[in-house]
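Shared chain: chain A. Partners: chain B in the first complex, chain C in the second.
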Partner chain A sequence: MRALGWVYLSAVFLFIFAPIAASFIFSFNSDRFPTLPLGSFTTDWYMRAFSRPEVWQAIANSLIVAGVTAVVSTFIGFATAYTDFRYGFRFKTAYLALALLPPTLPLVIMGLAMLAWLSQLGISGTLTGIVIAHVVLATPFAMAICRLRLSQMDPALEAAAWNLGSSQWGAMRHVILPFCAPAIVSALCLTAAVSFDEFIVAWFVSGLNRTVPVMILEILQGNVDPQINAIGTVVFVTSMTLVVAAQFLIFRKRQDD
Partner chain B sequence: MTRRFDPYPHVLRLPLILWQGAFFVIPLIFMAAMSFWLVKNYKLEPNFVFDNWTRMLGRGAFWDAYWITLWRAVLAGIIASAIAFPAALFMAFRLSEGGRRFALLCLIVPFFTSFLVRAYAWQVILAESGPVNAVLGGVGLVPYTMLNSGFGAMVGYLTLVLPLVVIFQTWSLAAIDRNLIEAAGNLGATPLRVLGSVIIPAAKTGLVLGAVFAFIMTFGDFVSPFYLGGSKPPTLTILIIDTTKSGQQWPRAAVVAVVMIATLFAVASAALRAAYGRRG
Partner chain C sequence: MTDPLVQFRAVHKSFGSYVAVKSLDLDIQRGEFLALMGPSGCGKTTTLRMLAGLEAPTSGTISIGGRVMNNVPPHQRDTPMVWQSLALFPFLSVVENVEFGLRMRGIAAAERRERAMMWLGRMDLQGFETRRIDQLSGGQRQRVALARSLVTEPEMLLLDEPLSALDAHLVIRMQGVLTRLQKDLGITFVYVTHSQSEAFAMADRVVIMGHGAIEQIGRPQEIFRGPKTRFVAEFVGRNNILAGPVKAGVMTTAQGPVPVLSGDGPMEIVVAADRVTLSRDRPAGAAIRAAFLSEEFAGTGIICYFETPDGAEWKAQVTETQLAELHPESGQDFWLSWDPARVHVMG
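Then we have the complex of A and B:
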């Protein structure tokens, strides 16, 4: 019975992780149309993919968008988590809904609404437009991580700082922020990963300024191309590193807790 | 005594309200308003006519897309819940605390990795001459066409939603008071009876939430039906993209989007009432 359980659990995990593993394997495989048995080992697809200037342009765009998104959404997410932690006020439910709902909206709808609205504002087709949309999507994740960390804090700590003569900003600077530091770095990593992988809204609003996943999307509309496995593996490794770093920072066992 | 205005709470509260107001709430309201506008000479013209609504809702193709999208989302919710449940049960009751934690952290990772590249990997794996059919052929079976079909789309949906469903179910199952289960056993209930009368009712919230999220994500997914389902038949998301990108008919796409939001809202609120309402 127990063995059967392990087999079943492994099968579910295999299904979930098969595409990630396959993309990694195929990226080093010489066949254009991979099958079993595998062809020979090659780094050819990487060479080809990364000799294209538009790939580097897309990587630069992605890094800029992910970097700015991470900073802005972590700032908003932290401020929101702190507000929820410390204050009760009228319409707080609506406030929290605003903080947590965006990821439940289908991205295609988000993309259409963003395209229409940013066009009205005249910033559709720019990297700024993508950043604006990605901050909307990423902030809830930053908020959740910071809120989780704040819930581990004794509220008396902040009050103690006030009693010792600290101003509110002083207590924020010397008590709250240091306590939340790992959550803030974690949120920076996670929001960067959210932005780095998002392609639907970015596709709607990007115009000619493609990010990496938007470029993949456009290549995919053409043909089967193993270069996608090479680019995709780099994308996987990047976002998995960010997510694992985020998890490590927020979930590791700590001596000071 | 007059209190001085204290900017501190406002500085921390306002960023979210301003940003999500300007770039989440207003765009959605604008999109809904735009569904009453008209496109003339490739330009949007403010108006208030029901032209787009009657045109879209009057099309048979729209309703075909609506029902297939709804049906697939329901189906994915059921299949994902059914596949996830034994795995979640095993993780909740047979894994150590540390093992469960590690497994859950692993399941969070794919949620943040490019779904597009994962769908492309499935395209290769499931291809007519791909690895799966090579194995099938190796054991003497005929190649099976898996891509550009409902089956292909479902593989994509499950890849997208399974991790989240397993996580929700495991959380709620692991939180059940073990004494309840032991008590039921001591009172002579068979394992199946314990499962049906104790475990499932106690874990109801997580089970329903898992299914609802699977429904929401499938309903709004465009990658699986497009790249693995071959757009046959088109779903509502494909309809939105076609209408926006090639048709340049943003107001008509907005009609589809508003109908989708209304459907999601109705299903989600009904399900949440079921999840948090009276316990079985």
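Then we have the complex of A and C:
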């Protein structure tokens, strides 16, 4: 049974990671088309891909959007989670449902709605527009992480800070934020990853300011080129680093409870 | 007597339609160890939280040191509390926890470290200052919590069931630590508990609360031997209660006529379990008949439970030798007698 379990687990991981691994392997393969047997090892596709200025521009766009999205959505997510933790009020269930709603919407619908809305505001096609759309998508994740952390906090901790002479802001700064620090860093990583990866909504609203996933599609539409594998590998490594960092922080924080 | 440190005057607190505390009048003296005791939901914790400013009274006034404190936020009071959960900060080291109150008061780093170290020494925690909270035992955490609350040298310390999470043997030791500390410092301790052994062992005065109101205030002995109300008699100690009209030295009760020494008209008397004598044959004097139910070992003796014909529960405390001689069986009838001079008349 145990051996069977391992086979099953390996099969699942193989199924998930085989395409990514293939992309990774072919990014170093000298052949023009992804066929077996492999040709020789080369970093040529990386060289070519990263010598294109539009690739660098897209990476810069993606990094800016991911960074700003991470900061803004983590701030909003933390504030939402803290409101839930601290206050009881009417329609709180509705408030929470609304706050967690965006990821349940089909991305195409979200993309279309964002396009229509951002055009009305005249910021469609700008980085600001992409950031706004990504903040909407990423905030619920940040909120969920912060909420989980706050639920592990002894409610007496905040009152204890007041009791020892902290004002409300003092308790926030000296108790709530330090307690939530692992969750906040984790939320920053995860929301950055959500934004860095996100394609559909970005495709609708990005216009000429393409992010990396949008640019990949555009290259792909032209022709199948192993440069895509190279760029894809870089994107994958970046996102995985962020997600693993987030996971690590969520896991590690358990120890100090 | 000097001015009391704390005065509650007609204090009322409700949460929505739920009344937690009603028309509370209470003076707390400087330097006394006061225990607020009662079953859960009696309002004792709400009373303590109002004193700390964590809840505002719905009406009435609370003054500390002669100043009305109703609307003073918690951080502007000097009423540190030891929490039931201890509420130590898990992301700070032991010494940083102790320093917290001084840091919030803007005291310079060097001085606050020195004062925190002094308190850690006093609490027998030297050498633990850089530890994390989760590296300490229950008793050590307790002492960190005490040091953290006392480092600002307050006039009054609030304690909210601080020993409820400890093992029995640690509870006894911490009781000793707390009483000695309170006498040494000479400050006021307000101690909330549902445990009468804790309250009676430590407090100078005990306040018994029930359903949001004070039932009785007194020294432990007074309350233990002289409960004023049925609520207190039932909550405190192992008491048996008899009620009925008294005429010509005889009280007519549901358990039959019982001689009493004095009184006239409706009366309630308390017969403490340790003052009840068991016998198989009817003795002379005050006695009732009841069927044996079960026994319970209670450390100092054995508590035997009985049921009277009308369904009331009676308790009698006996020694192990007495129990062996009687070897009662379930359902067996006994006579429970007592000296009428050693009953307590309520009211």
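Keep this in mind: the second predicted complex is superposed on the first by the 253 of 257 C-alpha atoms of A that agree within 3 Å, B and C clash if a C-alpha of one lies under 4 Å from a C-alpha of the other, contacts with A are read in each partner's own complex, and residues count from 1 in each chain.
By our rule, a contact is a pair of C-beta atoms (placed from the backbone, for glycine too) under 8 Å apart; a residue touches a chain by one contact, two chains touch by 3 or more.
None of these values were measured; they are calculated from a predicted model.
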item: Room on chain A for both chain B and chain C (clash or fit); value: fit
item: Partner chain(s) touched by A:Ile109 [first = chain B, second = chain C, both, neither]; value: first
item: Which superposed partner A:Thr93 touches (first chain B, second chain C, both, neither); value: neither
item: First (chain B), second (chain C), both or neither touched by A:Gly170; value: second
item: Partner chain(s) touched by A:Phe251 [first = chain B, second = chain C, both, neither]; value: first
item: First (chain B), second (chain C), both or neither touched by A:Ser40; value: neither
item: Which superposed partner A:Ala79 touches (first chain B, second chain C, both, neither); value: first
item: Which partner reaches more residues of chain A (counting touched residues only), chain B or chain C; value: B
item: Smallest separation of CA atoms, chain C relative to chain B, angstrom; value: 9
item: Sites on chain A touched by chain C in the complex; value: 154, 156-157, 159-167, 170, 174-175, 178-179, 181, 255-257
item: Of all residues in chain C, those that touch chain A in their complex; value: 52-54, 73-75, 79-81, 83-85, 87, 89-92, 100-101, 103-105, 132, 134, 148-149, 152
item: Of all residues in chain A, those that touch chain B in their complex; value: 2, 5-6, 8-9, 12-13, 15-20, 22-23, 26, 33-37, 75-76, 79-80, 82-83, 86-87, 89, 95, 98-99, 101-102, 104-109, 112-118, 120, 132-133, 135-136, 139, 143, 168-169, 190, 193-194, 197, 199-200, 204, 213, 216-217, 220, 224, 228-229, 232, 235-236, 239-240, 242-244, 247, 251
item: Chain B residues within the chain A interface of the complex; value: 6, 8-9, 11-13, 15-17, 19-21, 23-28, 30-31, 34, 83-84, 86-87, 90-91, 94, 101, 103, 105-110, 112-125, 127, 129-131, 133-135, 138, 158-159, 162-163, 166, 216, 219-222, 227, 237, 240-241, 244, 250, 253-254, 257, 260-261, 264, 268
